[in-house]
Every structure is written in C-alpha cells, then in structure tokens.
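Take a look at the structure set out below.
Chain nomenclature is as follows: A, B, C and D, assigned in order of appearance, with residue numbering initiated at 1 for each chain independently.
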C-alpha cells in the first residue's frame, strides 16, 4: 500500500493518549524526581556556571559584591602549571588506574567463569574479590596509608622479606605518592569492572558455546573469536563507568596525600576541591569544575561514537 | 558416511543428593545414510541421547560406535558429527558467511576453498542473498537454514537436528519439512532428527524411535508404528487425530471373538486369529485401540465389510475442518472420535452406524499395556 | 442485549493496520477471526479491550458506546496469547482476580472459583503456582479467569495454538461444550484455519486491514470470495495455477501456460465464465480434490491426467504428494497407508466440478 | 593450540587469580591483626605479622566513647534515609521511563540523569553548602546528607529501576486492567511484587554507596551529626595515628556492607547483569 493510497483518517491522525492513564500521569511520575534533581544538580550547576565568570571568594560572597571577570578564571586555571601537572597526573591515573582496572577485571572475570569449574568455589571467590568495593574510601585510604608507611609499613616489610627490594621504598615522596594512590585505587575498584564483565559473561547464550564445541573450536580461539567480541559492549560499559568516576576522583587523594608532597599527586578534581572548599576561590574552582566536565564529556561522547560504530559493524546497535 | 550403534547406553544426572536416570539401557542402530527420528514427549530422554551421540554429554555407561569405532571418549569434532540447534545458536557477532565458514576455519581450511564451499552451500539452501547480514536481522526460517548450513558445510559423517522446527510458524513448517527431505535425498547423509512432534517425525524419517520416560518403546517404520504399536503409549502418541481407547473384557473366544466394554452393550469383534492369541494370553481385561481414520461411516451401499464389525453411536460434536470432518461420538457412555468425509452433514444427537475392519482393531493387555493381538 | 458492534474501526502506526473495519457479533454467537500472524488480529482485540486507542470508528456493547472507556470500565474479559497469568499468585488467586478487583466477600469468591475450576477440571491445582502446571492447565486457568468475570463480551487471543496437537483436540472439545461461552458474544482469534472452521458459528477471514470475507465455515472454505481467502484456509495450501481459457461457449478448456497441463471446464462453470468473457484466470484446485488413482481404478466425473512423483510425505492425518503433471506441480492428498517412490509415474483424477476460477489480477472468485 | 599449552594457560591464569586473591586479602588480613595489637606494637620498626598479645579490649575502648557508636548510628540513619528516598524517586522515574518512554521524555532524559554522575563533586559542594546553610535544617544535619547523597544514588536507582520495570511484562498489568483493577491497584498487585528482587539489589547498592560516602560528610557535618567515615581518621594521639583503633573501628564499620553483599549477592549479580545487558 503506497503512501498515495493511504486512507485520509490515517494521513492526518493525531497521536491520542492511551485510555488507561491520563496524559498528565507520566509527566507527574517524572515530575517529582526531576524536581528533586533540579534542586540538587541543576541549581548548583547553574550557580557554578554563573560564578565561573565572577571573581567570587568567601568574602565577596557574604558581602554580595562579586564582579564579572569574563574568562579570567578560565585563563588563570589553564595557564597555571599546577593544572598542567594535574592533567598529566590524571593521564597517568587513567592509564594505570582505569585502563588497568578494566583489563584486570576482564581477565579475572573470565578466568573465574571459564577456568573455575566448581560452582560453590566460584561464588566464594567472587565474594572475596568484590569485598574491597564494599569499603568506604576513608577506610581504604587510611588502610593503605598505614600499609605503605615507609619506615615500618607492612608492604615494605613484605617486599623485603621476599627480597624484591633491598631498602625501604619512600612511598609518600614526591613523584611516588601518586603511585601509592593508584595502587590503593586499583585494589579498591577493580572489583567493579570485574563484576560488570562477570555479569555480562553470565548472561551470554550457552547454546552458542555448545555450537562452538561441536564445530571443534576450543580455548583461546573461542575466547578471541566469540567471547570477547560478544563482550565488547559490556567491557566498554565497564570502562565508561570507571572513566566517569576517574574524572571526579578526590577521596583517596584527600585522605592519603592531600595532593602532596608539593602538589605532586594532585588531580584536577582535587585542585578544584581544594581551591573551592579550602581556599574559597569559588570563581576559580567553578572554572576548574567546568573544564574538567568539558574534557570528560568530550572524551565520553567520542568514545560512545566509536562504540556505536563498532557495535553497528557488529550488528548489535 | 557413518553407521551409528548405541549399545546399553545409560545417562544418570547426579545433582546434590538425588540422581535422575535420564536414559535407560538404550540399544539403537542408525544405518549408513538412513534418516532416523527420535520422538517422545519432553523429558523422555531424547535430548540426553542426542547429546551423548554428539559428545556434548558424557556417557554414564554403555558404548556408542561410529562405524564400529568406540567414540565414548572422543569430542564432537573428532567424531566428525555436526548439529543444528533448536535455538539456532548462531554466532551473533559473525555475518552469515562467517557463521558458515567458521567450522572450516577451525579445521584450518584455506580461505579460498572456504569461500567456494560457503557459496555453493548457500545456493543449495537458497540463502545467497543474506550472506552479508547478521543473525539478529534474520527471520526464524532464515536463521534455521543458516544453522543447517553451518552443520552441513563440514561434510560431517552424521548430521543431527535437535528440535529444529519448534520455533517455525505452522504454514512455513510444511515447506521446511519438504526442504529437509529434499536435502536428505540429495546428500544421502546419515541423519538423526530429534523432536516431540509426531507429524514431523513420521513425515521425514525412514524409521522412528519412540521414547518415553527414559526407555526406548519401539523403533520402526511409519507403517510398523501405525499398525503394530508395541504398547498403548506408542498407539496413543502416534496418530492424528489421537487414537480412541476402550477398556474391555474378553466376552467369547472361538471363530467370532467378541470383546465387551465393561457392563455395556458396546462390543468389538476381532479376527479368529486375534481371538486365539487373546485366549492364549490367559488374561481377561484388555484395552481396545481404534484409530478415528479406521472408523468408516456406514453409508448405505458402502464398501462391503471384510471381517469387521459395526458400532452404533450418537453424534456429540461435528467438527468440520475443511479437508475432513471429525465426529465426536458417544456410545454407552464412551466418548470417541471418528474421521469422515468433508461433506458429512450430521448434526448433534443423530444416531450413526460405524464400520471397522478387524485388522484395524488393536488389543492391549490392560495391566502391561503391551499389544496382544 | 449485549451485541458487540464495530463500525468503521481504524488503527495505524507506521501503516494502517486496521482500516475501517465493520463487524457485529450477536449475543451468544461464537465468532472467529482467522488470518496469518501479524495481520492485525491481536490489535483488533486490544482495541475492543481498550488496551489500544482507536484512531477512528465506534465500538459498542449492547447500546453502550465503549470506544473511549478505559479497559477496567469495559464489560469485557480477555485471555492473552501468553495467558498472562500472575506468576507470584496461586491458580486460585489468578482465577479469583476479577472478583478481588470488585472486592466481593471471601465466601462468594471461594464458591465461584471452585465451581469454575470443577467445570474446567483443574480443581486439584488451585493452590499451585502457574510455573508448576502444564500448558493445557495454564490455558484453562486463563479461561477460568475470564469466565469468573462474567463479562458481556469474551475476547480469546489464540488460546490453544501454542499447545501440543493432542491437547489442542481436547481443548477444542472444551470450547464446543462450554455453555457459558455461548451465553454472551465471543470473539475468538487464531491463525489455525482448522480451529476456526471447527469452532466458529461464523468466521471472518482477516486481510488488508479488514474482514475480507465473513460466513459460515462451509461458506468460507467451499465458496472463497477471493484467492487470498482460499490460500489462507487449508493445509497444504490450495494449488493456484495461472492459466488461460480456450474454446467457446460450453466447450471451454483450461490450458496452463506453455505446459501440457489442462482440463475441460465443467458445463455449469463454462456458462458463467463464458458470459464474463474472461481469458486469463488463476485456477484454484484444493489438494483434497486431486485423487491419486490406484492402478486400474478409475474415477467417474473426474478428469484424469498423468504425472510423476516429485516428493511424498505422510503429514499427520493424510499423505501429501507433490506431482509434476505436465510441467505444473500439483499437490494431492492421499490416505496415510499409501507410499510413493521418487519419480514414480501416477495417474491423478481432478474433481473439476469443485475447481475455483479467480480473476488473474484482483483474485476475486469469478463464479460467486 | 595443543592440549598441553591449553592446560598451561589454564594453570597460569589460576596462579594469576591466586595472586590477585592474596593481594586482595592481605590488606584486610593486616587490618584484622592490627585491630588487636597494642598501640606500641603497631609502631614497631619491624612490623609483626601476627600480634604477640591479642588486645580484644581495643574494641571495648572504641565503644566506651559513646560518640563512636553514635557515629555508626548516624551513618545508618543517613544511609537508610537516602536509600529510601533514592528508591522512591528512582522507582517513580524508572516506571515512567519504562512504561511511557515517549511522554516521559524518553531515552535522552534518562541518559541525562545518568550523565550528571560525571560532575566533579566540588561543582555541587560549594553551592549546596551555601544553599543548605540558608535552609532551616542547616548543613550539619541528617537531612542535608540524605538529600545530598541523592546526587549519585538517584540516577543509579532510576536507571536500574527503569531496566527492571521494562523487564516486568506489561501484559500482566494489562491483564489486571481487564480484571477490573485501576492502574494504581494494578501496579501494587502485579508489577511491584515482580520488581521486588530488583528493588532489593538497587536498595542494597544505594545503601552501600551512601554508607561509604566520605567527601560530602567531611564538609557538611561534624558536630551534631558525625558519620563513621569522618570519625576514623580522628583517632590520633597527638600527631601519631592510633592505627590499631582506626583498624578496629574500620573493621566494625565494614561489616554491614559486607554482610549485605554476601546475603543478597544473587540479586546483585542478577540486577547488574540485567542492568548492564539491557541498559
């Protein structure tokens, strides 16, 4: 039936609400949550966007006499060496933190599923490996700060006993303290990508693997040609989740090193936090927050486009 | 090609505490190039049997031979057996072409030869136009053809189909049945078809193995199962519309043996030979099985009855279904069915005389349900 | 007087699924809509039930216009194709659900539900969960839920088409014998033509957004209004041969393209076809009207032709044989006992007085 | 890929798994033994891998101080309060997105709710600090943190609840309508029971994230209300951290989320796999 022959009732029919619920119900259902979200997210965001262009600090905020300074805050942030270093630290954290965690998580999840045959053993191992995710950052920070104390920390002692090092490692010196944070973070958050990839693997269709077995494919060939391609989407989601968290990661930096020594372990989000809360340079902190959000948003959108292309090619999307 | 022999095969599933005996002492032989169907209700052990032949399931006891070579410890690939799955189990991330060529890729067949084989198989299955697509974009029928293709491309010794028709629409199923028969005629492969649908099994297979709660009831050609069912289960399971059963007693032996439905006037006359076997069995209680197709409306001047009998009954329901009419009748409180010509215009309550040939009367022992005469 | 009346009903998403459909189901009538899956049968039921909003047209039960009433205010009960039983509630609670909705007292509910359960022979399953019972029992539970609601219209969406053949026979009898279903207007939807012919007081074949033909089982099957109707009723499908008519007056003759297949037109048909002056036609021959003669057997009043076997299969109640009759493939029905080898020569007897003649383009039946 | 090399790879992977287990458990083991060491023993130059003397009284010492136990109670109130709020709001929005995607703003609104997790906390902290400061309940109160934690818990709850509602078949609700139930009663009778397992896994996730939160708590509360996360680092003796007490208190504070996970692990894996795969 080509368009020309369409009956006239069909050509100009208008979308009618369904009979079951009045039109306003969906809007009402979403209304309250959106309202709450508006108050706790949109309002602060707008407030920050506004103050990012002012020279607000604590004093001026109380007196209410801040003034418009255009892009100065942004210029100050972008030109400061401190911000440049922190971005480098962030790259280091992203590479050895996020990427490493997703790779580790994937390998562990697949090993747990493919190699550990007994069901009860697999459940216990899963519980143990997900334990660190259950701990608050303050506990993790304190714990690892204690473990890594250079003089009599358990880690140095263990490494000495194993002969891997011959002298104490000064974990909290400049240039090394960021690694301490990364180690603690890997220990704390690898469990999340592990759980995501494990859940993804659990829900793959078992019949496909039997077909592979009948076709004679085994071990690595199955992993490379069947399992990993099917898990691409899930691994990507694990990466995005960790990537989003990385950009706003402050807790361990604050607890373990307070960005020290001499700002060598600062991350952009931490500086924003420090400038905003401790030093009350609110205008500048707002600029920081917006720059960080911009970078992460751009990278994620690029990543999603790439992911959509890959999935399209695979026939998923 | 391969001749498959199962001898005293058992499968016991052990899970915490209790064990399920899924297949009991199965003896079955599939000749080289033969098309055998394994038929039975769900849970009768047919799928476990299939998985033991393919090598996806470990054999608890007994042996499976491919051309007299014991294959118990060989994996599916070594047995050179191929399988089409009920849920198609196509590789979702591969195109159809990759799905078809993957089994060859695993065997290290060079790319050029793979492409050639894929293309002429696609021609046989008429799926050339969808080689570039992904399984998710295909209809049930197309996916099913691709899954057949993936199994066929390796030129396996044995080709096994596991309930491949259960997700196909009714009218498409007819074409598919013809195609499967055509493929078997063209390739002459040894094929094993597992299904719960007796129409598919009887349509396709040279011989059908009927299973029920883990034991093999009977193996036979369509006519053997139809005319000489070994017990009530097989007689009931085979046959569309379902067979009618009447609990009876042996009333009188001799030349005109009569079986009478308990305390009613309903009697069934059988051939003298059948009478002798019934008397010889020394039993009194039997069950009579009569297929609706074998009850003919006694048209005035109809074909004269060879040795047989007549039933009078009242029409309860007249179901006109286009090609034929199915009458639901009641006689002495027994409700049964008869199949009649499409133009039968009998209404509810009309008295009818039905003729049957003694040869079509099946008599089973009431206790053992085994066929006696 | 709870008659179901549908006038000019329209519903469409990206194309008009239901286009100005008219239908009247009398009180106590068991009306069946049959058609291939995806033709819009379920949409029609959902429109009557109020689960979808009609774009145009009017639906009335008795003299109450329910076109814009929400489902919970319509005097209608429906069984879903997937049964839609509440998995977390027992069979008893599932059946009692409509009465719970009306807040009837406990004793009344228990009495009604046990009575209906006895009627449907599922009284022993009342405290089981839907997950623990068989397909046939699930279907009866869903039916019980609709009976208990005592609506003015029953809507049944493919109630038994997902069950095994054996249970389907049994449940078909149930629909025949259930008096309760015969007290009110019932609209039953299925894709299985045999079910439709066997159960329907009247049958509507659905196509092109509406009901292409409405009539009794024999009307629709023996006097199809068009090729579309003929092709959708009958398994295996009707033989449709494009052919042209040669000869004049009473001596009309059918010739199929360049093949040697053809047969003389029966006098009665020749008269009607002659007046119309048709030349190009599509000839419809039902497989049951193509007999495969045993050697030596002849068939008075039939036109006998020679052919050889392409493929033969026993399909359920009878054998299906595809024969190449002079370049045209003809499907014939035989009894189950017979068997045929590949390429075996056979003699086919055509019951030419039961042949249909359809217009080459529009597909309309030229003899109606 | 011969059989031996396959087995070799398998053993290597198992060793890798074992190593990771050790790496995961070692800190917890160290936390456990430190919790029962005396303050002196914790500061030894050569740390002992097993306490010479077991000081069970460390735990008693912590809870002798009522405010410490009070901190656990405060954390519990905030976490539970926030979980209930997140669940209610998340379910409302989730149901609307699942059942009425077009009218309720559909996918992009849902994605937007999820994406605000990308905002650095400071973008929210400063303005909210001043906003709550002006509010009657002030910053140092249960309500301030309960509301504030919605920033990360509500989007998560909304997203997962949307997936679970989509997973509950709409046909059952429709069957309830035809039985005569109004939409609200149908929701309670049919959809809610089916979504309950999903709700439990969402509640659990939200509760754990709220219980573990540190940054917001650190800034907003501290006097009337003290969550355990901000109390732990305060166990010091002058400049010297009392590691044994901090470890002991951490161990106690760790129990609820760990217990919750072990108890409801099935729901969590099911919830996540459904949320991830379908999301």
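In this text, a residue touches a chain if its C-beta (ideal position, glycine included) is under 8 Å from a C-beta of that chain, and two chains touch if they have at least 3 such contacts.
Fair warning: this is a prediction, and the values are worked out from it, not measured in the lab.
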Exercise. If you walk from chain to touching chain, how few steps can bring you from subunit A to subunit D?
Worked result: 1
For this session: Please state whether C-D or A-B has more C-beta contact pairs across its interface.
Result: A-B
For this session: Please work out the Cα centroid separation of subunit B and subunit D, and write it as a whole number of Å.
Result: 56
For this session: Quick one: report the Å distance separating subunit B from subunit C, using the average Cα coordinate of each chain.
Result: 26
Problem set entry | For subunit A, residues that touch 2 or more chains besides their own | 17, 20, 221
For this session: Among the residues of subunit B, pick out those that touch two or more other chains and give their numbers.
Result: none
Problem set entry | subunit D, residues touching no fewer than two other chains | 177
For this session: Just spell out which pairs of chains touch, all of them.
Result: A-B, A-C, A-D, B-C, C-D
Seminar exercise, completed: subunit A contacts subunit C in the complex at 1, 6-7, 9-10, 13, 16-20
Problem set entry | Contact set on subunit A toward subunit D in their complex | 17, 20-21, 23, 25-27, 29-30, 32-34, 36-37, 39-41, 43-45, 47-48, 61, 104, 107-108, 111-112, 115-116, 123, 125-132, 134-139, 142-144, 146-147, 151-154, 157-158, 187, 195-196, 198-200, 202-203, 218-221, 234, 237, 244-245, 247-248, 250-251, 254-255, 268-269, 272-273, 276-277, 282, 285-286, 288-290, 292-293, 296-297, 300
For this session: Under the touch definition given earlier, write down the residues of subunit C that touch subunit D in their complex.
Result: 49-51, 70-72, 76-78, 80, 82, 84, 86-88, 97-98, 100-102, 145, 149
Problem set entry | Footprint of subunit A on subunit C - complex, ascending | 10, 12, 15-16, 19-20, 50-53, 55-56, 68-72
For this session: Going by the contact rule at the top, pick out the subunit B residues touching subunit A in the complex.
Result: 54-56, 75-77, 81-83, 85, 87-93, 95, 102-103, 106-107, 133-137, 150-151, 154
